[in-house]
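For reference, chains read A, B, C, D and E in written order, and residue numbers begin at 1 within each chain.
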Amino acid sequence: MPDRHANPDAPADPARRAVLQLLAAAGLIALGTGRAAAAVPGWPEEAFRKTSQADALAALYGKPLEMSDKVTLQVPEIAENGAVVPVSVGTTLPNVTSVTLLVPENPNTLAASFKFGPGVAPAVSCRLKMAKTSPVIAVVESDGRLFGVSKEVKVTLGGCGG
Amino acid sequence: MTAPRAATRRALLAAALLLGGWAAGAHGQDVAAGRALAFDRAKGNCLACHSMAGGDVPSNVGPELAGMRARFPDREVLRAIIGDEEARNPQTVMPAFGRNLILDDREIEAVIDFLYTL
Amino acid sequence: MPSTIRVRATASGERTEVQALVQHPMESGFVKDSNGQTIPPHYIEVLTFEHDGKVLLTAYWGPAVSKDPYVKFAFAGGKKGDELKVNWTDNLGKSDSLAAKIL
Amino acid sequence: MRRTWRRCALACAGMLLLAAGARAATEAEAGAALRAAEQQQAEAARLRNRWIPAEAALKAAREALRTRDYDRATELAGRAEALARRSVEQAREQETAWRDAVIR
Amino acid sequence: MRPRSSRRARAATLLALGAVVATGLHPSRAEERPDPAADLRAFQAHFRDRFPQLPIAEFANGPYAMDAGMRQQWEEIMQFPPYDFAVEEGKQAFETPFANGKRYADCFPEGGTGIRQTFPYFDTAAGEVVTLDLAINRCRERNGEKPLPYQTGLMASITAYMAETSRGKPFDIRIPDDKRALAAYEDGKRFFYSRRGQLNFSCASCHVQAAGQRLRGDVLAPALGILASFPIYRSEWGSMGTVDRRFTSCSAQTRSEPFAPQDPGYRNLEYFLSYMSNGVPIAGPGTRP
């Protein structure tokens, strides 16, 4: 058979491997190595390099964060797979200009940041990778101030061993 | 190679353990090694099916591993379950760690030492 | 070549809901291939949605966004038949864009 | 019980002797061990029940033999043989045992 | 392409069924003869008893039918499933003529639309089980094209498209009154229940005995309906995979050397599993963790 030796799953599943290696590399700043091109203008490179929540937020916004129950964050309690964790953020706060998602236990804390134009509803959904069990922090910029909420997502590996 | 008679096998095992223990030194090391084996996905991978302290996963294929010394006062019973549960319960989904050479005798003893701390 | 971008934008009343899926490996740079070689980081950095000459949403992404990334948001003011422009650029300087009709 | 202890003591002595007098395996011994393992694995293949660890140990044994590490080749071939033997045993048992698992 | 002369087979199985009911006895194990219809009733009754609240159609959704937390994530992902790209690619390939001007549609009944639920079938002329994937490659070869690799890529895309045109149609697998067909069925059944590999698992160990239970982050899918969502996009793979890919990785996970894709052993297993799922609607392509 033509693809007998082209087993796409040998030796280990790539996504699982990815998560494992994210784990192994946690704490290392590997981002930026091997970059072939300069960052797209406007992309907050500095913030994406940070490995702590405080540093990432400082680089991105430079202002303090307060927790607020006016920000809603929908994440699973147990991620079905750390490679694809659905995340939804919403808020009742007014004049929202941006939403940022942080995963403190990932090698680099900042996962994604969304800038909202006028007329856009203050809510966004996306899918994130998580290296291991970690809080997910959603930060909403409203009237120039930062409000956040944090929820833990449990990430476990798949059942079958290596 | 047919299986050696039970008594001989026990004797060999005891000898291996004596010598092994002598070489490895402290008993605490066996517990640590047993824990590592139990958690290692390529070895015991106990967490795949059982939840247990320190495991942080919700597996429920097998019973939770807790109160092991009370549940299994006889070490031999626990050894038999890990080694070849199919011999006791032909329809079990528990792999035969000993019979199928997933863990060797010393590794099984270390896992038991660890399980007795739960 | 089919586009790397798939968009579903549906208007109902004042509100237009936008969902997009992009075909992209989103390599983190932490993964090794089967030969033990590190796969270089390759991920979308910026994704934008434009409507009627105005930028609605700008997504700044890092390597922690999932493979074949997805995003959903909504805005006021879109009409059926309007054009929605989507564009992404990645860290290797590659990019793609698509103009989708609002349904 | 006493017999067990006597056996234990004997086995201890034996193992110590083995350890002390451990002598390098020869190419012939390694080759013989590998052939024995290959024979078992061929039977497992015939029964369509080869185990991945058996195949891996066999491959590693061949490699060790190629690099003239006869001790390692002998040890790995021994492991491969034991694994392959068990896989053959499993396949033979399952020829009838599977029926007991059928939903009925 | 598919011979539809199984009325006799059904009459025969009905007769056999009647005999079993009449005597009120299971055939004793020693003299066991293949009785697919009785097997099917027992198999589906087992899962109905085990998950009484679940309508049969839900079994197509595997772990997502078993666990609320997983279902919620699935619903999020289904808002824009990652297999969309594959369906698009598959549709394009399906509609593109071969070099000789013929198309896939020419190889299949109904032009290849809405027929996924009839695969695999037993080809009484050739005396073997034919899966959809095998039929696709044979179609290619008959038309002078090279066969596709079986586990992922274009094969997954084409079967994804063909599955999508068959959504909601219940599995309709037939076992003709043919000794070879019964033997193929029995071989698949034997494989399903046989312990294999160093971990000593049969398919049934996980997907019957531990169905619905948690294995770390995973929830084990019930065997009933397990192939109804194929091909699948698995987050674990980060790509599409066919039934062959799943069988191969399942084998490897039990530390058993996988067969080659489309090995008769795997085809017979697919035949057995699909027949056991008769009545479960096609829901493919699907997503899985």
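Here are some notes:
The rule is short, and it goes like this: a contact is a pair of C-beta atoms (placed from the backbone, for glycine too) under 8 Å apart; a residue touches a chain by one contact, two chains touch by 3 or more.
Not measured: the values here are computed from a predicted model.
Any chain bridging chain A and chain C, meaning touching each of them, is among E; the list is complete. Fewest steps needed to get from chain A to chain E, stepping only to touching chains, is 1. Shared contact partners of chain C and chain D comprise E.
Ranked by separation of Cα centres from chain D, the top chain is C. Chain centroids computed from C-alpha atoms place E closest to the centre of all protein C-alpha atoms shown. Remark: among chain pairs B-D and A-B, B-D carries the greater number of C-beta contacts. For this pair, chain A with chain B, the centres built from the Cα atoms lie 39 Å apart. Centroids built from CA atoms put chain E at 37 Å from chain B. For chain B, the set of residues touching two or more other chains reads 48-49, 57-59, 91, 100-101. For chain E, residues that reach two or more other chains under the stated contact definition are 79, 198, 200, 214-217, 220, 235, 238, 252.
Within chain C, residues 66-67, 70, 72 each touch two or more of the remaining chains.
Chain pairs that touch one another, listed by label: A-B, A-C, A-E, B-D, B-E, C-E, D-E.
Chain contact summary for the complex, chain A toward chain C: residues 10-11, 14-15, 17-18, 21-22, 24-25, 30-31, 33-37, 39-40, 42-44, 48, 83-85, 88, 103, 106-108, 110-121, 123-130. The touching residues of chain A, counted against chain B in their complex, run 78, 133, 154, 156-157, 159-162. The part of chain C that touches chain A in the complex is made up of residues 15, 26, 28-32, 34, 38, 40-41, 45-46, 54-67, 69-77, 89, 91-93.
Residues of chain E that touch chain B in their complex: 198-201, 205-206, 209-210, 213-217, 220.
Considering their complex, residues 1, 7-8, 10-12, 14-16, 18-19, 90-91, 99-101 of chain B touch chain D.
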